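For reference, chains read A, B and C in written order, and residue numbers begin at 1 within each chain.
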């Protein structure tokens, strides 16, 4: 069985001919990826990592500079007409559609671009509006919707055409907990009920989202895939190490912490309002803890809280990239 | 303090307006663009004139029509510019709401954007007049120009246009995408009724009464008397305002401008209130 | 997919994209005031100017016809040519591009919807103008009249579809392009005076804009008695040229669309906003 998505040494450079430093951007750098049919696959990375570029190539909006990309075994460069029959895409925060159409009309309009018979499209639309708790909004004009409602409508737009492969680019970006949960539950349900017929490629920079939803996750940074496995297996990458969290009073000079033997990687975030610095360590050797404690004291800070934690995908990212997402 | 803040808003809005108007291309192309449009608009009238008269452009009526049309560019451009600010900021750049909630004078923001329009239009008006004098024999004698009258008329007239633009800007809050037709339309009212390309005496009686209520009618007459006194003195028939002295004419312009100031402020404030009530400050209406 | 299934799929896309345009006219009724009543004022100004100059009476009809046709030209500039640029700015373009239908169907939908809306506006301008200024038009060749109008519209909207792709390449200049093509085209196409007045070669050059010959043909058909004096080419010849322009622009619109899409995919410009 051919994979749902496959890329081979996929590279995309923007402005390749520009000589000026920084003008030429290598958004994807020799990416090899294979996503099987029926998978809910996550692409996890910070802003500017290359996630959206990859989705644009796979959804036929952008050509690769070199390398190959296949969707359902079809070359996105050559067989783009056939690829489009099998896909759809939804982006977080998009403002697609026309403000003066109602929610139902807007969704119907997009379904027509996929040649779906009106009666079938409207039936699906009503069904999904019901599942998203939006049935009472179906006759409201799109411009009157809240951000969450609008994004739910966008997500429905992606599903209404019943694609084989759905590309979701940060689908819960900026949404509240409830709206995010509704969307995540629907995505999960859609893939699971399809009996390995439907595939979702989801990009996100929310660790928990990738952890909860995805069968497998690829961690991407600076256009490169750094690791690709199930969330459990990825977390095993740091299982042998200890992950430690410390909240200390604002610590300005943290250089000493990086030099402590046994500290593999660490990140810090400042909460200036509350005068707190949160430190996150991946340790190769637990004996480093006492050195960290004294290092903090030497740095003039006081420890407010200290705990060993279960590794998360963020720890994996820190270990692989050497920095956090923020 | 408030004056300083207003001036800064005005300056920044003018700078932003300039960036939006001009930085899409290089200066040379921008100048060409700024010339072609007004000259083409003027040539429509020239050909309309030629097709009927089969020739001569050195008549008093031709000069009358030509100068009126040249100065009318201010009317169309300023009114268009102000309403476009609302539409473009709201639907395209989606920045209207940010500007609207900023602690600045929104009036000054609009006037700043309008000021740059006036500056660019002035170039078009000048070049159109130059083209008329050099190529078509339009009768403008610099030695005979009544400069104080012309200058005063220009200042008052442009202020009046900005004030009227404000009312249209307010209405743009409430209108959909195609509402940009509002400027086309209101400018059209002035084109017909304000004696721009023909004397108002050709209009039906009721329309002439309306003409005399419009500041642009007095402005057109004043600008022409300032720029081409000989044409205005020799034009056969009446322009409809010939009985007014220059002083009376300027007074009429001033009074109607002040009247429009109150009307425009009233319309803008009302539209602003309705827009907030109906949530129209940041809507999009494209289709 | 069979040929007929492909056609049905694309016709659905045409219907889908035309829908918001048709509905827009109903949902935002303010257009009646702005788009019908007010443009008549410019028409009125030109009529009064002609009257002041004692122009022959058919010039009143010429101006009204030209004024009505401005609706189509403005629709081409602002709602066809600039539309893909607007769609890009609002985020719709990428969704159109990933849809498994011909982009020509989406452009076609825009054209059909726009044509419907604009025909309403133009008809209203025409009828009100005729009534207010007491114009009498001849209807001696209704079939030819319909043929000229329809072929003019097909070629004109074909041109609009071509512009839609080209405008995408201009980015923010699109607005300025439309602005620049208003008065100069009113001039070149003889919206308010018979295009013959420009001289043979200038009028021939302006005939690349379909509305030039379309408007000239309509004027000749509505005023057959002054056709010899003010008409540019025989109406039959104008019809043949317009048919040629229709084919040309539809082909060019497909070519430019493919070119734009390919260039956009190569450079990544298709989905970048605020350029």
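One rule holds in what follows: a residue touches a chain if its C-beta (ideal position, glycine included) is under 8 Å from a C-beta of that chain, and two chains touch if they have at least 3 such contacts.
Quick caveat: nothing in here was measured; it's all calculated off a predicted structure.
Visitor: Using mean Cα positions, find the chain sitting nearest the overall protein centre.
Guide: Nearest to the common C-alpha centre lies chain C.
Visitor: Counting only C-beta pairs in contact, which chains form the busiest pair?
Guide: Pair with the most C-beta pairs in contact: B-C.
Visitor: Report the inter-chain centroid distance for chain A and chain B in whole angstrom, where each centroid is the mean of the CA atoms.
Guide: Those two chain centres are 52 Å apart.
Visitor: Centroid from C-alpha atoms only, then distance chain B to chain C, rounded to Å. What do you get?
Guide: The mean C-alpha positions of chain B and chain C differ by 27 Å.
Visitor: Counting in whole Å, what is the centre-to-centre distance of chain A and chain C, each centre being its mean C-alpha position?
Guide: Centre-to-centre distance between chain A and chain C: 45 Å.
Visitor: Which residues of chain A are in contact with two or more other chains?
Guide: In chain A, 95, 98, 100-101 touch at least two other chains.
Visitor: For chain B, jot down the residues that touch at least 2 other chains.
Guide: Within chain B, the residues that touch at least two other chains are 176, 284-287.
Visitor: Could you list which residues of chain C touch at least two other chains?
Guide: 20, 23-24, 28, 90
Visitor: Residue numbers of chain B touching chain C in their complex, please.
Guide: 24-25, 33, 36-38, 40-41, 43-45, 47-53, 61, 65, 92-93, 175-179, 181-182, 184-186, 188-189, 191-192, 196-199, 202-203, 284-287
Visitor: What does chain A use to touch chain C in their complex?
Guide: 14, 56, 59-63, 81, 84-85, 87-89, 91, 94-98, 100-101, 105, 108-118, 157
Visitor: In the complex, go through chain C and note every residue touching chain A.
Guide: 5, 8-10, 12-13, 15-17, 19-20, 23-24, 27-28, 90-92, 94-101, 106, 265-268, 270-271
Visitor: Using the touch definition up top, name the residues of chain C that touch chain B in the complex.
Guide: 20-21, 23-24, 28, 30-31, 33-35, 37-42, 44-46, 48-55, 59, 86, 89-90, 171-173, 176, 179-180, 182-184, 186-187, 190-194, 197-198, 274
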